[in-house]
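For clarity, chains are labelled A, B, C, D, E, F, G and H in written order, and residue numbers in each chain start from 1.
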Amino acid sequence: MDVIKLLEAVKSGALPIEDAALQLKTQPFDDLGYALIDHHRKLRSGCPEVIYCAGKTVAQINGIMKNMLENGKSNVLATRVTAEAAQAILKQYPDAEWNSSARTIVVRRYPTEKNGKGKILVITAGTSDLPVADEAIVTAEFLGNDTELLCDVGVAGLHRLLSKLDIIASARVIIVVAGMEGALASVVGGLTDKPVIAVPAGVGYGASFGGVSALLSMLNSCANGVSVVNIDNGFGAGYIASSINKL
Amino acid sequence: MDVIKLLEAVKSGALPIEDAALQLKTQPFDDLGYALIDHHRKLRSGCPEVIYCAGKTVAQINGIMKNMLENGKSNVLATRVTAEAAQAILKQYPDAEWNSSARTIVVRRYPTEKNGKGKILVITAGTSDLPVADEAIVTAEFLGNDTELLCDVGVAGLHRLLSKLDIIASARVIIVVAGMEGALASVVGGLTDKPVIAVPAGVGYGASFGGVSALLSMLNSCANGVSVVNIDNGFGAGYIASSINKL
Amino acid sequence: MDVIKLLEAVKSGALPIEDAALQLKTQPFDDLGYALIDHHRKLRSGCPEVIYCAGKTVAQINGIMKNMLENGKSNVLATRVTAEAAQAILKQYPDAEWNSSARTIVVRRYPTEKNGKGKILVITAGTSDLPVADEAIVTAEFLGNDTELLCDVGVAGLHRLLSKLDIIASARVIIVVAGMEGALASVVGGLTDKPVIAVPAGVGYGASFGGVSALLSMLNSCANGVSVVNIDNGFGAGYIASSINKL
Amino acid sequence: MDVIKLLEAVKSGALPIEDAALQLKTQPFDDLGYALIDHHRKLRSGCPEVIYCAGKTVAQINGIMKNMLENGKSNVLATRVTAEAAQAILKQYPDAEWNSSARTIVVRRYPTEKNGKGKILVITAGTSDLPVADEAIVTAEFLGNDTELLCDVGVAGLHRLLSKLDIIASARVIIVVAGMEGALASVVGGLTDKPVIAVPAGVGYGASFGGVSALLSMLNSCANGVSVVNIDNGFGAGYIASSINKL
Amino acid sequence: MDVIKLLEAVKSGALPIEDAALQLKTQPFDDLGYALIDHHRKLRSGCPEVIYCAGKTVAQINGIMKNMLENGKSNVLATRVTAEAAQAILKQYPDAEWNSSARTIVVRRYPTEKNGKGKILVITAGTSDLPVADEAIVTAEFLGNDTELLCDVGVAGLHRLLSKLDIIASARVIIVVAGMEGALASVVGGLTDKPVIAVPAGVGYGASFGGVSALLSMLNSCANGVSVVNIDNGFGAGYIASSINKL
Amino acid sequence: MDVIKLLEAVKSGALPIEDAALQLKTQPFDDLGYALIDHHRKLRSGCPEVIYCAGKTVAQINGIMKNMLENGKSNVLATRVTAEAAQAILKQYPDAEWNSSARTIVVRRYPTEKNGKGKILVITAGTSDLPVADEAIVTAEFLGNDTELLCDVGVAGLHRLLSKLDIIASARVIIVVAGMEGALASVVGGLTDKPVIAVPAGVGYGASFGGVSALLSMLNSCANGVSVVNIDNGFGAGYIASSINKL
Amino acid sequence: MDVIKLLEAVKSGALPIEDAALQLKTQPFDDLGYALIDHHRKLRSGCPEVIYCAGKTVAQINGIMKNMLENGKSNVLATRVTAEAAQAILKQYPDAEWNSSARTIVVRRYPTEKNGKGKILVITAGTSDLPVADEAIVTAEFLGNDTELLCDVGVAGLHRLLSKLDIIASARVIIVVAGMEGALASVVGGLTDKPVIAVPAGVGYGASFGGVSALLSMLNSCANGVSVVNIDNGFGAGYIASSINKL
Amino acid sequence: MDVIKLLEAVKSGALPIEDAALQLKTQPFDDLGYALIDHHRKLRSGCPEVIYCAGKTVAQINGIMKNMLENGKSNVLATRVTAEAAQAILKQYPDAEWNSSARTIVVRRYPTEKNGKGKILVITAGTSDLPVADEAIVTAEFLGNDTELLCDVGVAGLHRLLSKLDIIASARVIIVVAGMEGALASVVGGLTDKPVIAVPAGVGYGASFGGVSALLSMLNSCANGVSVVNIDNGFGAGYIASSINKL
């Protein structure tokens, strides 16, 4: 908002005082009582609000979804959707896409602009890390990126990873999902000059502490280009990779 | 108890020794075996005892409730009431008010004195924080205060909060409920000169550790006027806000 | 700022466009490169900015202090001042008041308005808690409150506390400082209907973990009216008590 | 075993070499494959082995019980018995005593010697602490002690506790069970010269961390005569109180 | 205080009203400003107050010591005395006994009643645990008990411990001090029917976490008669052992 | 691979360039999309890949199993198999061996070479530790070792362990499984000159923290020859014991 | 390395077998005994190795530095340089640039290619965060980027940050350094569509736990585009920002 | 001791009763008051006692050393020797070997039997891990093993490690020392069929928590043959490697 221009318009009479006041004050969101839908976020951060479903009732999710589709004129991505919630949403929106591994719902009503500039590569240490990787992939694709998955290349069998160096070299941004000791992030970080986003996964034996062990490993990575998101936060990794990939 | 007066009455014979001894010793509570109902608390702290139901059997809850209503002559607030316990209580007290979000039961038999001096504002960062906020609201209103709710104004969309500055300015005491990183407490604390009571909420991704992350954030708030209660302790926040609001 | 009035003034010509724009944009702080002095805070929160000296060089502290005294036209409170920093500051401001127990510096150039409405009582469990209590007292008095100190009334000798019930009854707001198991906060909370602000102190045997044990005790207080600030945060307790005492 | 006497008996021929060797080597326990029943413990520590049922199958529990009753010639106490296990055991031993609050089974076939010298007093802060207190009481009585229960005298209503000072004075050993901030242990410890055994209870709000908060409080007690057992370990407290009460 | 007797004395005129009131109200402690000396504790808990010196200035320690010796008419035990403080105290009280290993000062002006009924045995796992053991021994002897020390019998060389079974059998109460994994407490607990008080010691390799590892071991002891005090809290162990030994 | 020889074969024409390139590049694993089966591991580490089933679907487990049996020409060991997954696998492979205590499946199609050089002894502190011990035993035997089990010889009844010294002396490698305070590892470590692998078990009272207490104990063992694996990681212990036993 | 081409050259005799073997095996690093200098890293990751000086002797640092300058033909960045080490290095390399706030040494012998595509903005919450911010700035500039610093715009005075929105909008990558509750990362993340790298700073009151509180806040950020590096890891943040800025 | 034979000798009169009793009871250690020197350990575990110097005075260390050399007839290894203690010991024993990096003292008076069967390889991730590696090497060599050191081959530059595969293949036992994220242990574990002992090192950035991050990584290693010792416990790793190498 250009304040000088607005004030000149007020002075000249071109803009009524009440309208100017409104422009200075108006709120670009809808108030549902239990949620303020932030329609401005798409402009501000390049991405519509995403519905994080944990702790929300189905009625609340449906209400937010309806408002975003109709008032926000945007596609909708919902994460951490339980199977129960998914069934209820699919009744409301039969064209919704439910990914049971990623636990996501996507409702597409508008075309997605493919404006990611390169490929986002998602690498997992093991098969058990797939749900987190899938959440990252769904998110990155929802935001207009191409993705590729490299699964089960953990460091206990290093040659599996080393045989895929060409795939690693072809990516613009890399997401590494790993549980247990999370060593894969450091190893990948040492093999590339691209930014690596590490996601600790919560699966593992006793002292993995629900992903804390992998989280600490990744924060302490001896490889330089590695930053970290929260445990099991595939969505966050996909989002950040997308924001980098659009630069 | 005025000891000098009591002793003068003893010396003059106006008060039998046994009665005086009784007055010096008598206990202002009822002993149910599994609970000592503290009828003195209302005088001492301005609020009747509240029934914290976690870890109590339905029989114990009903017994305490009956004693408080009949012997204590006070309204009753029960917190952390499971749906099962609520159904059993509603059979006993059909006029009881069950709030399924706040998980509270209120039984009203006596008028509530509205002696809070201003408005208690409860602000939440997200929709998932509503149950904790509701517990705070039920508590504050039970204790005779006016309340207002401002929901889903987390810091990721700061303009939502900034558009509500007038509501913030109208409160006498503010409660902020937030999970994840709990940043809302600091931001609100920086926008007001009123006391802010922060409640960490237990909802969140992996390393939120059931609210510990938000708790630590709030304890380390860079804004000055913020004090903190236990994770998910909406009741405590409502109680403290009320004790401040009655000053 | 009343936007409608400002715009009317612009329209009427009473306020030049440039001045109005300035008012809408101007920043109420000074930029020292290493610090942005927030002169607006006094209006917004009723208290000038306070200098938290940990991690700041003496040159930085002196620079901030000079700016606040001269540009901000306010008295200055500095906390966590080491003995070394204090000596350097006292050379610059010989009238500064250095409290070696509280580790505070106060420079007074303007009268303090005594606008706290009652007395703030600071209670400590032991002698070792005095430095934290002193920081709370210096802060509360700097902000215009009367204070009283009740020292060494920990729960291991309950009669010491019980003999002081009249002092407790005379306070409007109570601060409890306790290390070790921090039980004093709960006991005091059970004896009063006034708000209690609990400050965990960092002194103690092995598993006190630098105050964490007391912090957890206080967060889990079975008494209702207790809220908590950070470990050893006497300043925060004094500030909050003041904001409550001014209601 | 008196080695000199044994060797003299060998030299004199009163004791055959093989028998002596056996006495020096023989193992006072039965080997069930999945358990070595320690029949020697009763002599060594004054108490037969107690069956800790967590992690054991019903078949294992029944096998151990049978061996202890028949070969060990001792009464049996089983702790942490689930309702399912209890039903199965009651089928086998219809005279077994199942305490659903304490989660204990007692099978009595031999008289219990009442050799505790005084009364063991068990105090709880709240109603929710009863199951732990009951485990302590069952244990102490199984081992031949008199017990008394004082329930729901937490520090938020101090007069409840103070009205029971005579009961406290009448005990030889005191067990304090408390969750939340565990302050009751310190307060009781300050009111008596008898040994106090503190048991942290696992019930509580968010940052009680399943009893860790109470545990830390009790370890850091400012009262001197307080020692601590594991969270919810009513059995251990009852056992230690008994070993002290038999001195 | 016998209230009936007091009131009869009032009624009969044997006790003036003012004196009776004073008896009911008077505080059995001295107020030094920074400390309330609890002269009543000796009667209440069988032991005079002990001066915990951590966090106290030398002036405060000397002031408390003087008051206890002169007004309290009791011997004095000070713990956690730094070498610096000790030198200052020795100037004031040349007959004070400074134990540099235990870090204690004892000032004896009155005879100590030897009323412990048996021997308190203090066992250490290693040489490094001696300072904590010494604090326990000084405390127990100050309180009128006989003690014996068994040093460096850790479980890595079990025969060292097994060769001392007669000494273990001769004790009435046992204190076990151990760092690292603290296994000695369980082993001793399995060899005796006497109460065992375990003290975790803070010395050890990396993941001993300043005694936390030993603390957790001791709380989880598979031997039944073991209760625990805080890390390095030799004083507490000596105090509790004494309170048991006087039963 | 001998590079010189390979290159000589290329130069002489004995090996076509394409084949040599293939040998230098070829990947010794199968790509199932959700898993890369590492057939090379058997050569590299002497053991085929083991299927860790936690977090894998039954379809994935069956797919991996099929590939390993058919393409890898190796027997299969699957760990952490739930009862549900086991039933599904047994339908597919009726000759599979399901061990419900160890939660393992073994499918044997090829002879196992008994190349362990001595006996691996597995010792447990209590009956509750059996499932972890069984996982170690199944693993060690799958890898070609002889094993023996010594169950329920925890340190609270030391004579049980001491009566088995001959069994301990007969082992080449020892695995100790213990929960609670994990003291057994240190005691066994002090009685032998053979390598001891300690496995913390997750069963226990409150502050055992799911095995963390035992883990810390074992890491801090005062006995020298003790190394540690993750909580409840019987598989890892069996694997390491086997790799040592084959030296 | 193109294996086919290399093998063709071998077959044709153009490349001797020994040379080919060498090329396949040769190690692109220098072995100093205490360090393997990785000269290949510059090619692989676009950045020469950086000397992390913590835990290294001055002799080791100087040796590595000499090797990198002379054999590696690259400029040198050393981080975590103590003042003592810096003085020793400056004697050896008088043209070295010592930044005492960032604790870095830069030795420049070759031109730095300015190949960062936009501006890296470093924002701090407070003055105390400057050293970490400075380490990030030195690193980013060493790697060929333009940087800008925005200091002391923490959320307690939100208008300070809001007045700088144009600066935030001008950046291509943003680094946020904040201690205490770390809320600034979330607020900045909500105001931009650029990637935000959050660095928790270790300065703060009691329960900040050396930066853990800020670390958890940042990992749990409710704003989407925020990834995190280790506490105080300004170097890592600068490196990652540079790798993003070069895309 | 053969009990049958001993008893036969007693019966035949060949062995006097008192001598037999002595043999059954005698203690194979010397009691220095502050230490029980375990001369039996060499027989029992194949290694004389080692002096862990942390927490011991110089006088104690010298006394133990003297006893071991003279009475125990064994060489001496002392670990965690401070520079101050080392100087004092060197005065007493000028032929003592002080390793300032490993912080060890070795006094050799008797030949060392080289009975390790293969080579123990010690690998470090970085230069900063050298002191821990050196402690492991000194220990392993003291116990009669050959060792080799591979330094600074951390996973950020994987080719450094891969170029040393022949050295890895030549070892019988491998020790991996790594701080930060400790990923090297998993990578090495995946490349060998030999037992790997992982030692977490305490050096690192913020959230390495003094080695806890590396410790957790190593416990959660996805490679199978990895067991772990305490943080910085080079001695323990060397000892275990030796006990394996002697099999």
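Operating definition for what follows: a residue touches a chain if its C-beta (ideal position, glycine included) is under 8 Å from a C-beta of that chain, and two chains touch if they have at least 3 such contacts.
Just so it is clear, the model here is predicted, and its values are computed rather than measured.
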Co-neighbours of subunit E and subunit C - touch as defined: B, D
Which listed pair, D-E, B-C or E-H, duplicates the contacts of C-E in over half of its pairs: E-H
Shared interface numbering between subunit H and subunit E [over half = same, under half = different]: different
Which of D-E and D-F has more C-beta contact pairs: D-E
Rounded Å distance between subunit F and subunit H, as computed from the means of their C-alpha atoms: 26
Intercentroid distance (Cα basis), subunit D paired with subunit B, Å: 38
Between subunit G and subunit D, distance of the C-alpha-averaged centres to the nearest whole Å: 58
For subunit H, residues contacting two or more additional chains: 25, 126, 156-157, 190-191, 205-208, 212, 215, 219-220, 224, 230-231, 236
Interchain contacts, given as pairs of chains that touch: A-B, A-C, A-F, A-G, A-H, B-C, B-D, B-E, B-G, C-D, C-E, C-G, D-E, D-F, D-H, E-F, E-H, F-G, F-H, G-H
Touching residues on subunit C, where the partner in the complex is subunit G: 25, 27-29, 33-36, 38, 40-41, 49, 52, 54-56, 60, 64, 200, 202, 210-212, 215, 230-233, 236
Footprint of subunit F on subunit H - complex, ascending: 44-47, 50, 117-118, 172-173, 190-195, 197, 215, 219-220, 224-231, 235-237, 239-240, 243-244, 247
Contact set on subunit E toward subunit F in their complex: 125-126, 154-158, 179-183, 186-187, 189-191, 204-209, 212-214, 216-224
Interfacial residue positions of subunit C with respect to subunit E in the complex: 126-130, 151-153, 156-157, 159-160, 163, 203-208
Subunit A residues touching subunit C - in the complex, by the definition given at the top: 3-4, 7-8, 10-11, 13, 17, 20-21, 24-25
